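Going in written order, the chains are labelled A, B, C and D, and every chain counts its residues from 1.
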Amino acid sequence: MKKLINDPANLVTEALRGMAAAHPELRVDHENRVVFRGDAPVRGKVGLVSGGGSGHEPMHGGFVGPGMLDAACAGEVFTSPVPDQMVAATQGVDGGAGVLHIVKNYTGDVMNFEMAAELADGIEVETVVVDDDVAVQDSLYTAGRRGVGTTVLLEKIVGAAAEQGRPLAEVANLARKVDDCGRSMGMALTSCTVPAAGKPTFDLPETEMEIGIGIHGEPGRRRVPLAPAREIAEMLVEPVLSDLDFTTDPVICFVNGMGASPLLELYLMYGEVAALLEKAGVRVARSLVGPYITSLDMAGCSVTLLRADDDLLSLWDAPVDTPGLRWGV
Amino acid sequence: MKKLINDPANLVTEALRGMAAAHPELRVDHENRVVFRGDAPVRGKVGLVSGGGSGHEPMHGGFVGPGMLDAACAGEVFTSPVPDQMVAATQGVDGGAGVLHIVKNYTGDVMNFEMAAELADGIEVETVVVDDDVAVQDSLYTAGRRGVGTTVLLEKIVGAAAEQGRPLAEVANLARKVDDCGRSMGMALTSCTVPAAGKPTFDLPETEMEIGIGIHGEPGRRRVPLAPAREIAEMLVEPVLSDLDFTTDPVICFVNGMGASPLLELYLMYGEVAALLEKAGVRVARSLVGPYITSLDMAGCSVTLLRADDDLLSLWDAPVDTPGLRWGV
Amino acid sequence: MTEVDGFVAWVRAFAASIESHQGELTDLDSAIGDADHGANMARGMAAVVAALDAAEFETVGALFKKVGMTLVSTVGGASGPLYGTLFLRIGTAAGEATSLDPDSVAKALRAGLEGVVARGRPEAGDKTMFDALSPALDALDQALTDGSPLSEALRAASQAADEGRDATTPMLARKGRASYLGERSVGHQDPGATSAALLIATAAETLP
Amino acid sequence: MTEVDGFVAWVRAFAASIESHQGELTDLDSAIGDADHGANMARGMAAVVAALDAAEFETVGALFKKVGMTLVSTVGGASGPLYGTLFLRIGTAAGEATSLDPDSVAKALRAGLEGVVARGRPEAGDKTMFDALSPALDALDQALTDGSPLSEALRAASQAADEGRDATTPMLARKGRASYLGERSVGHQDPGATSAALLIATAAETLP
């Protein structure tokens, strides 16, 4: 295992220390491993709390700041944070207008946030669970779809709405609407290596790739022969388009890198995806290309489409000032 | 070789197509492989042209836009662009105030830009050659030091000065000053794979790393046993600090990822670097952490320090609006 | 009757067992999950051992609540709330008692399992820790009803847990991360069922 | 006397030789450079061949200027300007002539080498293409002075180029990318000297 780390057991602690040093505009609660915006709590504003396992950077800590999250809880690598962290975050961002928990749909995240919401008494908490991964069949009897790429777009859009002073119920409904309108699909060229495990999570021969992966280094739905970018784009875009009609509104198109795929390749993929969307009659209004919701050192990418009406687009365009996304300020 | 590409021969062309699709605010001349800011040429403003081999994204195309570059020429992977491209870029950005060529000190880049400057007749061209890599001994009899991390900071700072309307001679002198005040040192955990070559440029066993690498996947100055991040930070910071006195002014500290090292690790490295600087009495005024000048899919990092007086700091803070760096707008 | 000390010995034995099986749990979680179950459980149980070292417990309830709270606060992931709730409910069921008779032990464990069900809503055959715990507690009840002493009943429970753990291998996962693999989850033993079998095995080894 | 067609045959033979040695050139450049010399030269010479296919050349000068311009415009890197300048200067030296006698061939090649020196400022022993080209042209001059016919003189030049190329292996690089490796550049053959030796070898094979 080749990584820029000291001891796997201290990775998250030490990365947070570096993040605090690099971003004096943020406040890092090292004991609870919570990244706060520097001016939290903002009076009268709905507080946005997100979080999850580490290893997905810049998500979530890199999305803390004006126009996006108020706080992010960092768990161990690929492991949901614990309720204590979420309670500390919730208390630290409550400016009197209530708090929205943004939770990706993983059993661990859902259960820990659930416990935190029960424990954060006195504070009005709403929860949105993001589940946008079309690789997973949705069903009443299973854990349901994973939360992946849409989370990034949702945190930006809902962050802008909270910044405008919209009330909790409206912000929570908006978040659910964004989740309803977003779909993602991902693939991996290589496995990542979880530092504590010390070796790749799965073996993937030079001639094969995984389609339908999540963001925790888990194997995908199926393993197929390595293919050119053009065919990979089809394998990602087709299931997204057949799951939801994206021709009714303009879309935000997000091509995400899993961590070790260089930007050069991501732009190439974006070109392939854009060409497919054009052919399918989907109009792209905004785009985002880069490693924003990653899986440590996994090579690969995911495609997220979000159906975006005028409200969503203007919230997307609104100012945001975080380490990971910054514009309009 | 596992990459999100179609045919290595078309990689740069197709990546530029994706970039054009993702960034309608830029104008891409596909024939000449030049990325222009959408409103180039800007009348009365010194035009900034940079460029180099591809594979270092977001540098340079991702640094085109208001407050930074006016145009960037994209060569083949790790291969300097040709003079024709630079001439097209120079002509396309000349707003009557002359053009500055920002060239990283590699034989190929220097010679091709030299030929372009000779060919761009009628346009006043100044050139700055960036050579900040302390891994390479400077000498009259060699190719001299490579241009690496300082390039990013220079393009930002000089871009802001040009945006303010400073005249060519002043902009060029400022660029030389930034080069004089910046020093870098890099390391690799893994080799990158040049797509046309199809296999890693060098073999690096699981237990070793390269110290003193450049940005073209070339092996470094020496190969040493794999070490914890803390020791890696020392191996990078020490030669930088012994090459130039960084205690006289505040510094901009830039921890750069080589392409495949996740942000989590880069933040951890930043923490280690910041601790060493504090011990050495170096005051960090600004920081930048992330993959900005990369080597395809190489894992590793580099550290750049820039001695920055008030003028440099205020130029650093000035608005910039590019795909790769964006703030204040 | 099992005294507080006996339960402390169980918890410590479980921690030691997790520690020595950490690699195996992580390998199982690598195949159908995210390669952290070993690290998660080891981190949590190390914190539990530290908590046991730092305090004395008057009642069985206080002991298990501390264990549960510590797991909730240090593990995260799916196993944190699940094992945390398991121990919290055992603690609640045990209440102020300073020792438990065999039936109360079985009842407390049953309450723990109900906590797991309330938290994670697993059903039989979902390929989770439930598939080791549920048959184990059924076997425990049955053995006690048949008049076996606690240690023997726990051995039966441990055997049932092991069988339940083994039975997860051919299952298609419907809960937890492994469910994302669909058909590909078939043929792999569930990591949580594996750690749960260790829990029952160490009970059989330690509880008098 | 060598006619334009003879020189065209040389350039085509060089292109074919580059094509078949592309992998070797890239491997050499991987060891002490950035793994692109094979691709660079192949891309450039393919463009040159396309340009030759598309046009007729009246004069030796026009032919080599076209070759040089094409390389400058398609190769990039260090080798683009260097080989480009080499051919441009050969073209300038050849001028309006429609054929060259052996001495004029040698003079034109010498002008080409001076172009390389003007562009890259290589010195003997820097571990560059200069270390193959310079001894080759010295040998060519010597053989012609000794009264050898062109083809024989070019064979001597090619042998000297090969020896010069081989002599780069123990050198410590002082120019180009390999210079960044310092001591580690020792023990590797220079890629540019290797392609330069192919240039002279194909001249020996083709020029009458």
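Everything below uses one rule, namely that a residue touches a chain if its C-beta (ideal position, glycine included) is under 8 Å from a C-beta of that chain, and two chains touch if they have at least 3 such contacts.
Just so it is clear, the structure is predicted and the values come from calculations on it, not from any experiment.
Chemist: Where the centre means the average of the CA atoms, what chain is farthest from chain B?
Modeler: Greatest centre separation from chain B goes to chain C.
Chemist: For chain A and chain D, let me know how many angstrom lie between their CA-based centres, rounded off.
Modeler: Roughly 54 Å separates the two chain centres.
Chemist: In whole angstrom, what separates the CA-based centres of chain B and chain C?
Modeler: The separation of the two C-alpha centroids amounts to 54 Å.
Chemist: Report the inter-chain centroid distance for chain C and chain D in whole angstrom, where each centroid is the mean of the CA atoms.
Modeler: 75
Chemist: Between chain B and chain D, what is the gap in Å from one C-alpha centre to the other?
Modeler: About 32 Å, centre to centre.
Chemist: What are the residues of chain D that contact at least two other chains?
Modeler: none
Chemist: Chain B: which residues touch two or more other chains?
Modeler: Not one residue in chain B touches at least two other chains.
Chemist: Which of line, ring, star, complete and other names the graph you get from chains that touch?
Modeler: Topology of the interface graph: linear, an open chain of contacts.
Chemist: For this structure, give each pair of chains that are touching.
Modeler: Result for touching pairs of chains: A-B, A-C, B-D.
Chemist: So in the complex, which bits of chain A are touching chain B?
Modeler: Counting only chain A, the residues touching chain B are 1-7, 11-12, 14-19, 21-23, 54-55, 57-58, 62, 189-190, 206, 209, 226, 228-230, 232, 255, 259-272, 274, 284, 287, 289, 291, 294, 296-297, 299-301, 321, 323, 326-329.
Chemist: Please name which positions on chain A make contact with chain C in the complex.
Modeler: Chain A reaches chain C through residues 53, 75-84, 106-108, 111-112, 114-115, 133, 135-137, 141-143, 146, 194, 196-197, 201-202, 214, 216-219, 221-222.
Chemist: Within the complex, which stretch of chain D touches chain B?
Modeler: So the residues of chain D in touch with chain B come to 26, 30-36, 38-40, 43, 72-82, 119-120, 174-177, 179-182, 184.
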